[in-house]
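Notes to accompany the following structure.
By letter and in written order, the chains are A, B, C, D, E and F; residue numbering begins at 1 in each of them.
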Amino acid sequence: MTNLIEYEQASDEVRAVYDDIRATRQTEYINNFWKAIANHPPTLQRTWQTVKEVMTSPGEIDPLMRELIYIAVSVTNGCDYCIASHTASGRAKGMNDTMFGELLAIVATANTTNRLANGYQIPVDEQFKNQ
Amino acid sequence: MTNLIEYEQASDEVRAVYDDIRATRQTEYINNFWKAIANHPPTLQRTWQTVKEVMTSPGEIDPLMRELIYIAVSVTNGCDYCIASHTASGRAKGMNDTMFGELLAIVATANTTNRLANGYQIPVDEQFKNQ
Amino acid sequence: MTNLIEYEQASDEVRAVYDDIRATRQTEYINNFWKAIANHPPTLQRTWQTVKEVMTSPGEIDPLMRELIYIAVSVTNGCDYCIASHTASGRAKGMNDTMFGELLAIVATANTTNRLANGYQIPVDEQFKNQ
Amino acid sequence: MTNLIEYEQASDEVRAVYDDIRATRQTEYINNFWKAIANHPPTLQRTWQTVKEVMTSPGEIDPLMRELIYIAVSVTNGCDYCIASHTASGRAKGMNDTMFGELLAIVATANTTNRLANGYQIPVDEQFKNQ
Amino acid sequence: MTNLIEYEQASDEVRAVYDDIRATRQTEYINNFWKAIANHPPTLQRTWQTVKEVMTSPGEIDPLMRELIYIAVSVTNGCDYCIASHTASGRAKGMNDTMFGELLAIVATANTTNRLANGYQIPVDEQFKNQ
Amino acid sequence: MTNLIEYEQASDEVRAVYDDIRATRQTEYINNFWKAIANHPPTLQRTWQTVKEVMTSPGEIDPLMRELIYIAVSVTNGCDYCIASHTASGRAKGMNDTMFGELLAIVATANTTNRLANGYQIPVDEQFKNQ
């Protein structure tokens, strides 16, 4: 387990990121992910900047659906931390039990058909090329 | 590469599934995936039934977002056939270039943070448990 | 694409492995996998020795079932070369279309339940521990 | 961690599935997997129906070998729950220590050769095509 | 396959990234990866900025070893494009056949031991915690 | 969890491997990985022989960099045991916090670009072929 960098012990550059996380999310709470990657400040800065842009900037996919997509990837990869943290984020943005159930059903089905496509070595249909 | 079962050579049980695919999707076209898994009729029946329910039954996640989630899983797994076919389905349901770009940005970012969480062996925050 | 090392151009140590592959498999044919990894002779020797022991030494799992397990892993990982080569090996050892269909159905189902278990963050039952 | 749905609190449709699991497996015990996915009844019904058909219907691969294939996939994906539960199922069906050792040796070897095939970008042999 | 954005048809913001790629790498050639992700300019900018920092900024891991690590990940994931492009980058920075062979041997071995650790459900040694 | 085979209860062939691990690593400590796979002695012998050759034999990649590559694979696969044990090995060979941070940044970035390459279905540049 990695040392978690608390605000009090953090350098100025790390504190600046923590401050921006707090302001963006409108909560005092900094979750363990950021405290862990703060061990390498360039990673903290770059990752926060990316997550902030990708998850919160204006766009055509709404914030709740962005969380569902994030969970789909994390479940496929089996990343316990990310499943737990983004399930929490999803719930905070309105994901209810039915929606979560539907999401996992899609993820489970895609993981099934991905392997059937691999196993049967299926050639891509001409009309699916050049999309 | 697997033998693709065409309608003309198919058994009655396979034809019944092909007929339902055509009726559900309102197109004559049966794509290679179904023609390949038709080599094992129980897999064809079960997989079509599941895909039909999960992707087309009424629910809280709209049809376009279901396709985005499907693509997210397929891209994470690197399944060429499924990426091509569901990108086509997504476009048919209204996914434009911007939306596709945003989708892949989320998928890419989640794949990054999944590995940072793994590598730093980050403990799950108490408040993320029991979601 | 990697340079494939043919018998004629191979060093003595590589030829010795090729000779053992031919004797063990009772065929003149050396498939591309071995010709490719022969670019690094220690990898060729070690990998052949391992594959020979694991796939052909006497044991409790019969040779055909060993191929099915090999295919299950390769399909899950999406390794095109290994799917193609071990599907060929499986067929040479008696795998018919029905058996292949059943195999892929199990692989597909396991990939589904693996993700449901991840997504629902299911605790392991006490009675499944210490197996 | 997900809320586990006990029989007593379950809806009629969930109870019907639990009853069928008990009858099929000839045990009172319902393991956590089913209690967790019961949070989304359509997923419970579909998944149980699929697992029942794929793992228990008559076929050419015997029940013990089906469990070994299931374990092979779960180990490759690193799904802790599924490894634990299917190792238990395998043992209940006769998997001994030697067989489990042989199984993991095949899984480990396939994971090695899958990456060598990827890394050396090996072209598929003509004779392995159209299997 | 995605539309590849050539310099001539690119917007000013895309051209600015292409110019920086050319200046940083001291070559006129822009490879397909950048031309593809240029379909979503924020992804192009963010990804180039990250790759530039992670792969070319001063640090304790030398540039050749960074390429080897990149290849190790890409081979494990089975990403054909990234294996091909980073094998080329590695060779340009001094990776010879022996080094590539050693690299793949390590990747193959780690993929094997990862699955043995999964399969045997091995508890982490006390002395490996809190690293 | 698997039964861990201690030296005292081990067979002669297992003890011989334990003795070689101790001599090679110049430590009395045998970590859980070896005690677990000792349940299948051929796997223990083969795996130790491979790890010993791949990680300690003379070569062009230095021992510390070999550990970094091992960690990169283990983090990508999400293997908790291997991440913990090889992070410990890396630190014993001189990996400091900065180097670990740089390593994870490369792993995270490669996992991102692997998915962008998958998602955009990018064709491999002609000049990257035949490396």
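Note that in this section a contact is a pair of C-beta atoms (placed from the backbone, for glycine too) under 8 Å apart; a residue touches a chain by one contact, two chains touch by 3 or more.
All values derive from a computational prediction rather than experimental measurement.
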Both-way neighbours, i.e. chains that touch subunit E and touch subunit B: A, C, D, F
Chain pair repeating C-F, as identified from B-D, B-F or B-E when over half of the contact pairs by residue number coincide: B-D
Identity of the chain that, by mean CA position, is farthest from subunit A: C
Of all other chains, the one whose Cα centre sits farthest from subunit B: F
Computed distance of Cα centres, subunit C from subunit B, in Å: 27
Length of the line joining the C-alpha centres of subunit A and subunit C, rounded to whole Å: 34
Rounded Å distance between subunit A and subunit E, as computed from the means of their C-alpha atoms: 21
Where subunit F touches two or more other chains, by residue: 1, 39, 42-43, 46-47, 50, 76-80, 84, 87, 98, 102-105, 107-109, 111-114, 116, 118, 120-121, 129
Subunit D residues within the subunit E interface of the complex: 71, 75-76, 78, 80, 83-84, 87, 103-104, 107-109, 111-116, 118-121
In the complex, subunit E residues that touch subunit B: 39-40, 42-43, 46-47, 77-79
Residues of subunit D defined as touching subunit C within the complex: 1-2, 29, 31-33, 36-37, 39, 43, 47, 50-51, 54-55, 59-61, 65-66, 68-70, 72-74, 76-77, 79-82, 84-88, 91, 96, 98-99, 102-103, 105-107, 109-114, 116-118, 120-125, 127-129, 131
Subunit B partner contacts - residues on subunit D that touch it in the complex: 1, 42, 46, 49-50, 53, 57, 129-130
Of subunit A, residues touching subunit D in the complex: 78, 97-98, 100-102, 104-105, 108
